[in-house]
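In order of appearance the chains are A, B, C and D, and numbering begins at 1 in each one.
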Amino acid sequence: MRKVGIIGLGHVGATVALDIVQGGFADELVLIDKNPEIARAEVFDLWDSLALQPYHVKIYAGDYHDLRDADVVLSTLGHIDAIKPGGDRFTELRLNAPEVKQVSDDLNASGFSGILIATTNPNDVIVEMYSHYLNLSQSRILGTGTYLDTARMKRQVAGHLNLDPRCVEGYALGEHGNSQFVAWSTVRVAGRLFSEIAKEKGLNLDAIEEDSRQGGFAVFNTKHYTNVAIAAATVGLMNLVLSDAKSSAICSHYDPQFNSYISTPALIGKNGVEGLIELPLTADEKVKLQASADEIQNKIKLFS
Amino acid sequence: MRKVGIIGLGHVGATVALDIVQGGFADELVLIDKNPEIARAEVFDLWDSLALQPYHVKIYAGDYHDLRDADVVLSTLGHIDAIKPGGDRFTELRLNAPEVKQVSDDLNASGFSGILIATTNPNDVIVEMYSHYLNLSQSRILGTGTYLDTARMKRQVAGHLNLDPRCVEGYALGEHGNSQFVAWSTVRVAGRLFSEIAKEKGLNLDAIEEDSRQGGFAVFNTKHYTNVAIAAATVGLMNLVLSDAKSSAICSHYDPQFNSYISTPALIGKNGVEGLIELPLTADEKVKLQASADEIQNKIKLFS
Amino acid sequence: MRKVGIIGLGHVGATVALDIVQGGFADELVLIDKNPEIARAEVFDLWDSLALQPYHVKIYAGDYHDLRDADVVLSTLGHIDAIKPGGDRFTELRLNAPEVKQVSDDLNASGFSGILIATTNPNDVIVEMYSHYLNLSQSRILGTGTYLDTARMKRQVAGHLNLDPRCVEGYALGEHGNSQFVAWSTVRVAGRLFSEIAKEKGLNLDAIEEDSRQGGFAVFNTKHYTNVAIAAATVGLMNLVLSDAKSSAICSHYDPQFNSYISTPALIGKNGVEGLIELPLTADEKVKLQASADEIQNKIKLFS
Amino acid sequence: MRKVGIIGLGHVGATVALDIVQGGFADELVLIDKNPEIARAEVFDLWDSLALQPYHVKIYAGDYHDLRDADVVLSTLGHIDAIKPGGDRFTELRLNAPEVKQVSDDLNASGFSGILIATTNPNDVIVEMYSHYLNLSQSRILGTGTYLDTARMKRQVAGHLNLDPRCVEGYALGEHGNSQFVAWSTVRVAGRLFSEIAKEKGLNLDAIEEDSRQGGFAVFNTKHYTNVAIAAATVGLMNLVLSDAKSSAICSHYDPQFNSYISTPALIGKNGVEGLIELPLTADEKVKLQASADEIQNKIKLFS
């Protein structure tokens, strides 16, 4: 049976829980928040829906001891309320860092040996912290990273062509933050390079890239949080682990080439990252990826 | 193609939109809020998820003109933030009533001729208002009513027996408010009357009924809103209409026996309420149901 | 991870495999047939669909050794081709019995310790055989029994009222064979006894019961097999086990009251039958249930 | 509401019906077979499952008159039983052609104006026939074509790398028959050209292509039909139409470049083919595609 823990029941954690219950994507779901009342309130709301759901899921507000045999733990904690409109994900680090340390200590004490997937921001710094603190090999720790930014890029590209975003292939790479970039050499629409299509149609790649990068803020500035797309990305990544899919996904993982956690495509299965995927990039893209890795490391150093 | 409109993008409306998109339950989804920025922010978050969803849904922030040919419109507007902990759903009426009038005028102007399903509270009063204002026959206007309270009752009953809530049958009837009651003569677990099981096990029916009635507040007092279960109820009801299910469901609808909107089981299909269902009730339950209908009418008179 | 084995890849086994893959209801699916070519052909057809499926499932043609750690094994073997139109499920016993013995020996040798669910007919006799041969406690062996006949009864009842079959509650009890019967005292439509509705509308309960009982043959006489509904019943039961639903379901299980496998409602969870459910029956229904149990035992004695 | 007709209830049609009902992909489903008994038997089996399905679908054995307002009609008729192991899809043409003429006449008489999607073989010849006979514009007639062969190619490529087939991009192009070919310049695994990976790993592209092309026969030679993957392809294509997805899909459609129906990627929405997609191909691939178009036209001429 598939046992999943969610740590942090803000908007993202709560939406992830909802997605899992509606899809029947776990058999046992443990909700944990530093404020146990919050976890309990979400459990009650989910329980109230169980008579109406197609699948049975055992849901409860638990503690770290319950995560000992969890297959996947999702770190969805955060302090997005601390970010001012137009701000940077890095603002949260000061608040999230001590909680990540505490969660790691508690997970270590529980004996947890599954896969940790974090949405907590700044994502690449946070997964590196988890990797530092947790008694888990690096390959068992993932961040959603630019999985979300890649989905945003696909939406932007598809929007300019009035197409289903699911026909866009390609990647936003690097930091889940300002130094990320769209690797246009990888972006294809139904098999054709989007950069060529854009040239024909007079579309500005830089503007599209900036819209992808700022996509979260377009939502955040009004809603004061984002939840739908980040939850979909988290659950998508979780399902690849739980079904041992051996599928490629873009996520933040340890990449020995940069000696850093950073988002490039990786092979995901029940053991987390089961293989690295070498993406053919242009020289310019390689420079940008190195710069983004450097930027992640600079942020980490600031906090070491 | 299934076209659905959502009016009011607070927590309930946004969660309903999410449920619809994840389940592929509509082909075209129009989001409207009195604050267009809010609708747009939700649309952006949903768009950002489209590359990750299994189904394609056309989603946009629209206006009432776009609802002319909608199959179903969901009224999810509300002012739950105006309710104080421990409060009554009736507190919202003063704020919701003028908006319901405006929405009705705008829907009438659009030529909308589909089915309206409201979650707006106080639910029975609100659907009666919609019925008064809208150019639609009474049978085309529904409220989620005690669909949600019934799900909460099933959870409470199942919880005492450590069972899946889906094996509990029966109904919470009357007002989606304090005068509602559990019709224990209808509540069965795997074919057996729960009242007998409760007697054997020394369970207190009144306490269980009170927990069902107050279930929303157990969530609300901490989260300051409820969304998961009410959204599941709304989408469940909507799916019965969209698939012309000819299925029985408990919801707030016009019941000529009481000359009032009130929750009793009804037959739901593409035309809304397509038939009334006569539920065998005890004399005591009949008295309670009449009293609950009176309570709804009293509230309506206060505001006429 | 959820590991499921299917033994017997005729129409039922193949359709069960299809349902599981489309629904993402297992993470690992092992197909076994006495003719390995058949299992391999189904695996190839399923593999050809994997790029088009929403979920990843690991599928392979295996042997009994692969079932050692399976959570559920489904016995879908059968010789329906041996039944002549209008025939009795008992005709198959002569052919199925030695295969059930062999499957049991092979499962025992594998060390399988999960739950076995059989669709093989005559179902109650077959599950008793499995119980005799397998190194598993009685509660870990289930037959689909009258789960299917109950669904057929709901369809027949709903059809006479032009309703969604999902609003019908109640049970067909006893043997998955000619001695089964509809316990009309349990059959309700939206909370009301169907027997009363039938009286009002002049519907003949006996004729409806006979249509339910013969429902399989109405399909079989033309298609020469049935697969859709029996597969849905099998997968439904399997999902209750895999999600540890603690849900009531009607299925063939060991009932100490009759010292026989027979279909009455039972509480289903990860350990198979986790509790018996006492159904309030009329005196007449109790007599019919005992008679059906006797019939099952008579058939078993014929073959002992 | 989404209304779909299925014409031809052999293994493919029956499996398509099952997929649609399980997924809730239509609200009204009309089954038609030249042998009405066959359609009725499938309807009965589907009805028997309705109490167990998550969604309501109105299903019935209809006649052509019922298809007047269908959104999509699926031509799944065929005579696969006439093909000998190792045979060619063309063998069926002699038997299928007069039925296609009759179906077209009946659809024209009904006033059907939706989208026709055919799985009937030889697929490209059959859709050209439908286009000749039906009172529908060419863009409203599609064949599953190499949608299926493309899925088979993805499985073969993924199988050699022990990966999820969903991470393979690219196309099998041309005839759904022996002249089809894999356009290796379009085949990428997680962004990297598979031809390069194959070179590194010493994999033989020609052998993989031949396995893709012969994938159906590997199933057919044992099962005597294929149904799972072709049904998944059909339903996938249908869902793009019903949801107006504006998504690219590989299917057999009229391509003015070749003045022929042939499989290349096309833009699919509620009007069928809503746009052509120019795929960058190598000179060698262009020659193969022209040759495949010629082969389709040769077959058509043989039968004109």
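A few remarks follow.
Heads up, the rule we're going with is that a contact is a pair of C-beta atoms (placed from the backbone, for glycine too) under 8 Å apart; a residue touches a chain by one contact, two chains touch by 3 or more.
In UniProt terms the chains read A, B, C, D = L-lactate dehydrogenase.
Please read these numbers as outputs of a predicted model, since none were measured by experiment.
By the document's definition of touch, common neighbours of subunit C and subunit D comprise A, B.
In terms of C-beta pairs in contact, the better-connected of the chain pairs A-B and A-C is A-B.
Here subunit B and subunit C face each other with the same set of residues for the most part; over half of the interface numbers are shared between them. Set against the C-alpha centre of subunit A, every other chain centre is closer than that of C. Between subunit B and subunit C, the centres computed from C-alpha atoms are 36 Å apart.
Centre-to-centre separation between subunit A and subunit B, using Cα means, comes to 33 Å. Inter-chain spacing, taken between the CA centroids of subunit A and subunit C, is 42 Å.
Annotation for subunit D: residues touching 2 or more other chains are 56, 164, 166, 240, 245-247. Within the complex formed with subunit D, the residues of subunit A that make contact are 54, 162-164, 166-167, 169-171, 186, 188-193, 240, 245-248, 265, 267, 277-280. On the subunit B side of its complex with subunit A, the touching residues are 14-15, 18-19, 21-23, 37-38, 40-42, 44-53, 56, 148, 150-152, 154-155, 158-159, 164-166, 168, 215-216, 218-219, 221-223, 226-229, 231-233, 236.
Residues 1-2, 24, 27-28, 55-58, 71, 239-240, 242-247, 270 of subunit D are the ones that touch subunit B when the two sit in their complex.
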